[in-house]
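The letters A, B, C and D name the chains in turn, as written, and every chain counts its residues from 1.
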Amino acid sequence: MPRNRGVVFRGANNIVVEEIPYPNFELNVPEQHRKCPHGAIIKLIATNICGSDLHMVRGRIPPKVGTVLGHEMTGEVVEVGPDVENFKPGDLVSVPFNVACGRCRNCFEGFTSACLNTNPLAPGGFYGYYLGGGWQGGQSEYQLVPYADFNLLSLGSKSQAMPYILDLAFLSDILPTAFDACYRANVQVGDTVYIAGAGPVGLTAAACCLQLLGAGNVIVSDYEAERLKLAHVMGCQTVDMNSIAGKTHGLRGMIRSLLGGGKLDPLVEAATGGEKYVDVAIDATGFESCGHHGMSRQTNEERSEAINDIIRVCKPAGHLGIPAVYLPGDEAVSDTFGKVRGGLTLDWGIAWQKGLTVTQGQCPVKRYNHHLMNAIYGGRLQVAKYLNTRVISLDEAPAAYKNFSQGAAVKYIIDPHNMIPTSAKKAAMADPSASS
Amino acid sequence: MPRNRGVVFRGANNIVVEEIPYPNFELNVPEQHRKCPHGAIIKLIATNICGSDLHMVRGRIPPKVGTVLGHEMTGEVVEVGPDVENFKPGDLVSVPFNVACGRCRNCFEGFTSACLNTNPLAPGGFYGYYLGGGWQGGQSEYQLVPYADFNLLSLGSKSQAMPYILDLAFLSDILPTAFDACYRANVQVGDTVYIAGAGPVGLTAAACCLQLLGAGNVIVSDYEAERLKLAHVMGCQTVDMNSIAGKTHGLRGMIRSLLGGGKLDPLVEAATGGEKYVDVAIDATGFESCGHHGMSRQTNEERSEAINDIIRVCKPAGHLGIPAVYLPGDEAVSDTFGKVRGGLTLDWGIAWQKGLTVTQGQCPVKRYNHHLMNAIYGGRLQVAKYLNTRVISLDEAPAAYKNFSQGAAVKYIIDPHNMIPTSAKKAAMADPSASS
Amino acid sequence: MPRNRGVVFRGANNIVVEEIPYPNFELNVPEQHRKCPHGAIIKLIATNICGSDLHMVRGRIPPKVGTVLGHEMTGEVVEVGPDVENFKPGDLVSVPFNVACGRCRNCFEGFTSACLNTNPLAPGGFYGYYLGGGWQGGQSEYQLVPYADFNLLSLGSKSQAMPYILDLAFLSDILPTAFDACYRANVQVGDTVYIAGAGPVGLTAAACCLQLLGAGNVIVSDYEAERLKLAHVMGCQTVDMNSIAGKTHGLRGMIRSLLGGGKLDPLVEAATGGEKYVDVAIDATGFESCGHHGMSRQTNEERSEAINDIIRVCKPAGHLGIPAVYLPGDEAVSDTFGKVRGGLTLDWGIAWQKGLTVTQGQCPVKRYNHHLMNAIYGGRLQVAKYLNTRVISLDEAPAAYKNFSQGAAVKYIIDPHNMIPTSAKKAAMADPSASS
Amino acid sequence: MPRNRGVVFRGANNIVVEEIPYPNFELNVPEQHRKCPHGAIIKLIATNICGSDLHMVRGRIPPKVGTVLGHEMTGEVVEVGPDVENFKPGDLVSVPFNVACGRCRNCFEGFTSACLNTNPLAPGGFYGYYLGGGWQGGQSEYQLVPYADFNLLSLGSKSQAMPYILDLAFLSDILPTAFDACYRANVQVGDTVYIAGAGPVGLTAAACCLQLLGAGNVIVSDYEAERLKLAHVMGCQTVDMNSIAGKTHGLRGMIRSLLGGGKLDPLVEAATGGEKYVDVAIDATGFESCGHHGMSRQTNEERSEAINDIIRVCKPAGHLGIPAVYLPGDEAVSDTFGKVRGGLTLDWGIAWQKGLTVTQGQCPVKRYNHHLMNAIYGGRLQVAKYLNTRVISLDEAPAAYKNFSQGAAVKYIIDPHNMIPTSAKKAAMADPSASS
């Protein structure tokens, strides 16, 4: 039985790489004990650091001490349980971050994000996550994936996959998450889309709009200049939030100015008194995003800023998508309403009057990953090169966490067995401005 | 040219019936002056008092003094403008409460509720309404309907229509409004639906769920016993909100108890730790609804109660529908957030974690009224008899407003020309419990 | 190990009840050998005879000699395999007629009717069926259901279920099949629907339209007076196909006459030159249906009659639904085109000009059975009493097959263990005209 | 009043350019006489020759002698009728080929292709077309567009539009037609799509799949090498139908071979015995397309070839889209079934067994043109350069018709006033292989 090592949470801002047990076909944790004859053991090839890992690392939603982190996994099957019928050792696979059974009503209806069978605490299981049901995280060398026939996505042969491995690595989370946000928020061909937040999910959402959904125009905002530069290279218009901080109607004015080029239906403009709205607005910031001068948002007003912004810039009868995480219970907030209920103070009168439709929540990865894989293989979608993607070793993970937590405009992929070919790394790290 | 009389707003709680100008094919008001060669003049047969009229009458959103009230109109065409091609005098018609042009992008996409051409103040025009674009209300003897070819719904012959006239009278607003709320909130066959508020819209939504959409189970809540009785007669389960006021998790406990009969999928129950959720939750209360002991809700907490309730009782991956009115600007609220922005303090962390989809706003009547008319004629839908519907004369309107404003469980239909046959009135006013 | 008996195909029109092996957790047939640790063994309570069984019994699509027939099964779990997590002995369940794995792409996308894992011959497995993958049929005392966690629908407690057992028995096939046809063909509230064929599926489709989907008007046609009587009692308008046989435009004239009552939008009538169309048209006859004077349809022209009829009576931009079975390969047809390819001669020029949308094929039962169960329990749907439903013993099955094959207007439910309570039988067999 | 000249049908294969009346706000033809106060007169800038014009020119569906041809129009408003509110002289506009009123039920529901008010012969009016309601065609200098507020699409300012004018010129027909076919046939991100026919609509459908809808893989077939070359340059895989003529399963084998690169889900491959299917199949050939050796298809078998092909190559539970024209009544066919009913002999048994969904018919242009315009302006869509687009004068039209009718791989745009800038022509006519 091989050695296994992983990235382990030892307390707030205390992340270490240490030896962990090699998985078997059993989940054996205080949360739940169960056999997994339907499981597969995966040798990780690419296992990414996600923005939502930061919520835990910073201690805002602390997991149990000793938890192995990580839920964005791509790898090779090395062993399967007795009930696995469709996978065998050697298969190259992507693992959705949702732990799903494929047997409950929610899974069948496509809501693998609310599986009724993998987390006794609430619908929806997660690997390596706060209240996720106790499933081991995947920033490690080897990992167990239960209900393997249902959860694993075959990536085809290695020779086909490895040149695309950095983009394929995003099939486990941020690519479906970003696509789901745009798709459920009804982005249509030719639409103008506003995206708050140019982190990995925000940028990937922009890529989905431009490359897959035929959006006419994508506007991305952030407080970080480095992130906005990536958005610009991809072909987006950008809004530097620092430039409008404190200004009444600052964002609406900015949008109006950006859309002044006459690209919208003139009739719409006339009838709305010259006001310019976007068709769809996406919040890719979330409950822990930072505001002006990198200050953490702690008042209700600040915590509600991004959602109130998308309410204001969206057209009547438009759509809002909220892939960014908001949770009940947020210890860092001062008042009880925020702390216990995760409440927000929202401009709902405006949202109602406009008749806005809101879609939100965890993405059910399995609905999209097969489609997105085929788009990558067809040459329709390129994301890694726009995210400033860096491939690192397992031992480099703690330093990467520190850097990412400080707002670096970078996406880290851990390569625990040094299997990702240099050519793939180079392709992703090339200056994207050359190819856009 | 015939005389015309209407129900006129003379100030908060000051409603009078007085002589008003007979309409011509022109809108001549400070808000906008325009010719209406596409208009038709209607002789009103049934013109209802709506809960949203109360917001104005009480002065919470005051219209201009002198405004004729009313936007739920059914009548007979008496004259048409030169551009009208499809209607002629004598045609029996229902008028959607949305004033829509049929020529702008929003109208074509089905959002007649956000017409870009009939209200210079904001997308969407209204008859007799606060900031509605200056169109005369229809609680009167005669009225102008612009863009008649687009706006009017033909009801067929009088001999066919008059026996059903009280149900048909609801095609102008509450029936499509209630149906839209349920339809866009994705009520599916067999679903369990929670409806907050047993006023006319809430009760009509319950009727749509049970009679048209195949819902398995409908639970209606209110503070008024008389209204809950009507819901019970229709076949709903009921929750008396007085009985749970102030109790933590009171409503969730009540729902759990009502759903305990084993009618839901046992797997869902097991996996959610015994918690029982509804598939869809509807808020039919609104910004001015009353709470416990008939007290008006004025704090943000109180004003947000109904939406926070539907967030809590809805299942993960479920749907919320909000037909109830929430507006930016609410003078009666004490704080700036509510007064100017119409803001609410919402348990959004819970809504996000559950991944709830929210649909809301004014109903685009024209999407539904033709379908609902055919359902009424086909014998599939009966509403008037469950709403305690009363037919009154124009002169009785002021007294009816007063009564309705005090929470009476009744729906008033004004019959300005005494054209509604006695048989139709009797059928609707019969004890509904006899036929259910 | 208990004895087991079943209804066995011994050749065309040669059906016998004989002893068969008691099932174990294995499929052991020439088509495929496989272990089923995920299976459950069911004691049958209600196992129905289906119209599609007749195709086999008559020898038109002959199964292997020795095949146990039956695919409409309701029963009680008596034993589960080692990989079953969510069911246990004693659970009352409905079994979808589709044998589905829940692990392939088609199952996840809702097409359990095209499962890629249960039939090596073609997508989609069936119990007791011609080229279905070798799964034992369920007109027997006991039966194996593979992938039990995915396939079984829990019916709740016996005390709750048994009073509704005859309607619940239809959840395995005809109720979802009929609902799927109407749902995918976009039946909307108020619609007028034409259904060709008043056999069990046609009548059940009519019930779904009237009781669950809010259709305004349902017109059912057939050559059998007894079947049309059942449709009439349910509230449908009826067309006796004998009365129009050989008449040019006979059906269109009949529809025009039935719809003359003015219940449709007068504008539509004017603009189509007085022609009356239906919104949705359903073909519930199929490749082996009989025509005038009970003659089997064998020419291409005759075999295509029902589809050409629905093309002609459907409105422009309307929908056609085809739940009725059409198969490649039909030995009884004289020409090669029909025999080998199952071809039809269709009025496609008309279908294209009208822009008709066509949905068809096997129903994926699992998409609907949970919803329909809740509608039955909620009192929203009653079918058995309109189908002239008869409960029989296993030994009565051969006689029932003979009777049903001759066109009897009856639906047979086999009760192999005599477990269906007399009260349930009586309720279903009561004169339905009393309650409609 | 300016002179007007147009392309006039003088008999089969007899097309001349001659003087025609300058339009006024009236339709004055035998089919229908009506005032059009809602009309606008357009000065044509780009007016294209369409493949469906060929059906008339060849005499297969002959229009009345003297008919002005043309229905793909882009131009400038020069005069408006008294009921026009939203357009004024000087506005640059695209005209949908559907003549639609915007006031009937079908128009409101989005089916402008089945307008109930513009053609007394059948739902749906057309400019310059066989049985289209008598509306003058637009291959001319000036033309009347009725219901201008509803029908016209504003293209914004000339300075914005003229650089894109060749692509914008396709908004009147082939671009929405091709997009509609793909959109309604449910092309999803990553899908593999087969398109029969590489004429202008087929190639444009391929462009929509690749550039707007994120399709992973598009396979286009034709008998003409020149057309296949255009498809190849755009990024499609191609099938030369000559190479498989007469071979059993020729097309299926070709598809299998093209898809062998492992780009599909390996699980699907295993379960279908190695058979490779496409997700969506589109027929862009039509009732008059030519077959092997340029022979016209006249037998039922030949006329049904393309539809039977898409049935065979499409996956179970897949979608077929048929934008290609099939009509009732086809004089060139030998048998009554084809001649009078436009019937086809289709492999329906296979289509049913696979559970295929079919969408078809005329495209309602207005649903899509606004979206597609924004996609063109956003730089997301380029079509003209892949179609071998040629700008010609009005006088060159007869020769262009002759050339196009003989199968030339070219799309002609008539520029009657010589207003299209040379730069725009050059951009479109550049070698597309340089930029792909």
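Miscellaneous remarks
Methods note: contacts are C-beta pairs under 8 Å (C-beta built on N, C-alpha and C of every residue); 3 or more make two chains touch, one makes a residue touch a chain.
Worth saying up front: this structure is predicted, and the values here are computed from it rather than measured.
Two chain pairs are in question, A-D and B-D; the one with more C-beta pairs in contact is A-D.
Two copies of one sequence, chain A and chain C, touch each other mainly through matching residues, since over half of the numbers at the interface are common to both.
Rounded to whole angstrom units, the spacing between the C-alpha centres of chain A and chain D is 40.
The centroid of the Cα atoms in chain B and the matching centroid in chain D are 44 Å apart. The set of chain C residues that touch two or more partner chains comprises 86, 104-105, 117, 265, 267, 370. The part of chain B that touches chain C in the complex is made up of residues 86, 154, 156-157, 160, 179, 188-192, 210-217, 235, 261-267, 368, 370-375, 377-381.
Within the complex, the chain A residues that touch chain B are 104-106, 109, 111, 113-114, 116-117, 120, 122-124, 184, 265, 267-268, 270-273, 287, 300, 307, 316-317, 322, 325-330, 337, 341-362. Note for the complex: chain C touches chain A at residues 37-38, 82-83, 85-86, 101-105, 108, 110, 117, 149-150, 366, 370.
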